[in-house]
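See structure below.
As written, the chain order gives the labels A, B, C, D, E and F, with residue 1 at the start of each chain.
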Amino acid sequence: MTGRPLLPPVEYAAANAEVRAVYDEIMALRGTDWVNDFWKVLAHDPATLRRTWDSVRQVMAPGALDPLTKEMLYIAVSITNGCAYCINSHTAAARAKGLTDAQLGELIAVVGMANETNALATAWQVPVDERFEGGGRE
Amino acid sequence: MTGRPLLPPVEYAAANAEVRAVYDEIMALRGTDWVNDFWKVLAHDPATLRRTWDSVRQVMAPGALDPLTKEMLYIAVSITNGCAYCINSHTAAARAKGLTDAQLGELIAVVGMANETNALATAWQVPVDERFEGGGRE
Amino acid sequence: MTGRPLLPPVEYAAANAEVRAVYDEIMALRGTDWVNDFWKVLAHDPATLRRTWDSVRQVMAPGALDPLTKEMLYIAVSITNGCAYCINSHTAAARAKGLTDAQLGELIAVVGMANETNALATAWQVPVDERFEGGGRE
Amino acid sequence: MTGRPLLPPVEYAAANAEVRAVYDEIMALRGTDWVNDFWKVLAHDPATLRRTWDSVRQVMAPGALDPLTKEMLYIAVSITNGCAYCINSHTAAARAKGLTDAQLGELIAVVGMANETNALATAWQVPVDERFEGGGRE
Amino acid sequence: MTGRPLLPPVEYAAANAEVRAVYDEIMALRGTDWVNDFWKVLAHDPATLRRTWDSVRQVMAPGALDPLTKEMLYIAVSITNGCAYCINSHTAAARAKGLTDAQLGELIAVVGMANETNALATAWQVPVDERFEGGGRE
Amino acid sequence: MTGRPLLPPVEYAAANAEVRAVYDEIMALRGTDWVNDFWKVLAHDPATLRRTWDSVRQVMAPGALDPLTKEMLYIAVSITNGCAYCINSHTAAARAKGLTDAQLGELIAVVGMANETNALATAWQVPVDERFEGGGRE
């Protein structure tokens, strides 16, 4: 990745009301006065900015799973896709929610192992065992 | 995937002592009398069977993360890699450890969202914010 | 992929009001009396069903790009991710919007070539030319 | 990606006749006096340079799809594969063919959404609806 | 994958002269009277059929690497991409060129391990050591 | 990728006995007095460091396949996954084992082609020919 995104970040001072509203919500939810560049670049497409922010907020809210578990799942996907931005930003978010170095190490060990056995199962072309169809549901 | 793996499963009766030892450990740890086909196909390469089983057992053991969280991370990776065998087998394992349908739904929603924002960050080529470098470590 | 999803499709008769509302919108927009299984399985997680449907509808609406171009982009991504469900369903959608076999053939040829040169650029570890940084923006 | 490719670019002055012929064709087709590093590194393998250039030229020529649509498909694949070189170079090429920022924004939104629903369909292991088999062909 | 491709295979009797010429070359090179469905489906786009066949033949010919090594590399890529068609067809090709079950087992073990350590290096975001830049070239 | 890993490399002087033992084995096997950063970062999780080193050493040892072939397979996977660290480090390892530039060029050409035909087979959704099922085994 080069040092320049496809379009430059839209700073608050230059943003329109629609974009500023999202920035305000991001800062309020996080209790900071700072917005990261992912959102500032996405701001060139205000409809996508709004929709993505609303979606992330909904998906990452506490529910049947707690927010730290959700951040860990996010990191696992980001590693597997090789998204450096997402690995760094979500590790930072997870640490802010209490992720320890020991937990991070185990998370990465699981992700590594899963990538290996995914490859092994695919390589050997193992059909799904009858008992596992539907993820083992009855 | 076709219905036939690259080599047929090695059944217990046909397995050598090295392979049987692994099968015995799998059944003992799980408290069942059944071994799934992933291991039975891997048995054509006994060294890989032994090493993979030992590695999975080590990685998935309780530690800084609990076993159910680890299964969820495994599922997240398997979805992102598109490994049907692994999605089904690890969902079955997670359900056996207590995963509810509501948790499964939220897990999948996070994985879906992560795949979307991974693509957005990559697409716009957003450089990592200075504050997020090293995953936000000091 | 096996013949069974992780949870069974939720049929209209068994769906709650929130889910039925989405099904109704899908059928109305498409002018059919039929809803495909993607949505019926997603219905186990009604919040994700609603959010995903709203998002897809927004993203795929005519704008700076026409709907057929958008379907073609969807197919290109689905091929690269190896999602059989998505390749088949979006090819069907694209054909319904006028995609010809000749266009499909060229689309696939471009996707194939892009996958090859992506691999070549990555393999040789070619740094981005200065003129191309920021996608060539000034 | 580091700043150094696996082998250094082959400059025109140092290139043999076979390689120079490809460089000449690239510059003539593009109406420039400049060749980007992708081709200059590939020049270490002249047969692959010639074949790849001929293939790209054939695939990207106007046909049932116009050249800008083809560039957009190229970008969609490059994003999904996470190839920074290709995202930047093909965005530059698309802009030279008239891609607007609004079109770029919608392209990326579609690619993001497709990556999300690809993951959702895979996660839930939804079998292809009978009506969609063969991409809906009769 | 469903049982139906996006367009049906073009049988020899129904093929035009351009397509038949490729089929004839495939059968002659392989010493068989049979053409596999990959080529028969690709035949709907004769220019891509001709170009792809010529390219594969060039790339897979003996050179600095022998044909069996090339088939093994093909299988390694196909596993990593999760392409069932390609895993099965290139394993069949490799076996016809002498691949033993022991070699297949080791190939798969390497591919599995590489997928694991790829994930670990990406997860930890390890920068390339100075000595390894340019793949260790001087 | 940024210049900072998620945790800093653990230098020999700061390492505990368990980690030093692995470093010693790495240096002894390679006949150098230097350990690359992959292992030094992994050292934050000593159990994973030990297990991964033992696994890599086992998998890459000479067997039915020679070590250079195994390195080439590793590179092929690393390219397909887009892991810059792994491409550079394993190309360096392969060169140390005798890989020539001509072999590297052909390796990359095969990997490029495989990525293209993987995409074509997936795009057209070609079912596996009956003769290729099980990778052509009898």
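Methods note: a contact is a pair of C-beta atoms (placed from the backbone, for glycine too) under 8 Å apart; a residue touches a chain by one contact, two chains touch by 3 or more.
Here the structure is a predicted model, which is why all the values come from computation and not from measurement.
Peer 1: Would you mind checking the shortest number of contact hops between chain B and chain F?
Peer 2: 1
Peer 1: Using the touch definition from the top, list the chains contacting both chain A and chain D.
Peer 2: Touching chain A and chain D alike, sorted by label: B, C, E, F.
Peer 1: If you average the Cα atoms per chain, which one ends up farthest from chain C?
Peer 2: Between chain C and the rest, the longest centre separation is with F.
Peer 1: In terms of residue-numbered contact pairs, which of A-D, A-C or C-D coincides with B-F for over half of them?
Peer 2: That would be A-C, since it shares over half of the contact pairs of B-F.
Peer 1: Relative to chain B, which chain has the most distant C-alpha mean position?
Peer 2: D
Peer 1: Same or different for chain A and chain C, where same means more than half of the interface numbers show up on both copies?
Peer 2: same
Peer 1: Calculate how many whole Å lie between the centre of chain C and the centre of chain F, each centre taken as the average of the chain's C-alpha atoms.
Peer 2: Centre separation, chain C to chain F: 33 Å.
Peer 1: Taking each chain's centre as the mean of its CA atoms, how far is chain C from chain E in angstrom?
Peer 2: A distance of 26 Å separates the two centres.
Peer 1: Any chance you could list the residues of chain C touching two or more other chains?
Peer 2: Within chain C, the residues that touch at least two other chains are 1-7, 47-48, 52, 55, 59, 79-84, 87-88, 91, 104-106, 108-109, 111-118, 120, 122-125, 128, 133-135, 137.
Peer 1: Can you list the chain E residues touching chain F in their complex?
Peer 2: Chain E reaches chain F through residues 1-7, 34, 36-38, 41-42, 48, 52, 55-56, 59-60, 63-65, 69-70, 72-74, 76-81, 83-89, 91-93, 95-96, 100, 102-107, 109-118, 120-129, 131-137.
Peer 1: Would you pull the chain C residues touching chain B in the complex into a rising list?
Peer 2: Residue list for chain C touching chain B: 1-2, 6-7, 44-45, 47-48, 52, 81-83, 134-135.
Peer 1: Taking the complex as given, what residues does chain A use to touch chain C?
Peer 2: Residues 2-7, 47-48, 51, 55, 58-59, 128, 133-135, 137.
Peer 1: For a test of understanding, state which residues of chain D touch chain B in their complex under the given definition.
Peer 2: 79-80, 82, 84, 87-88, 108, 111-120, 122-125
Peer 1: Within the complex, which stretch of chain E touches chain B?
Peer 2: Going through chain E, the ones touching chain B are 1, 82, 84, 87-88, 91, 101, 104-106, 108-109, 112, 125.
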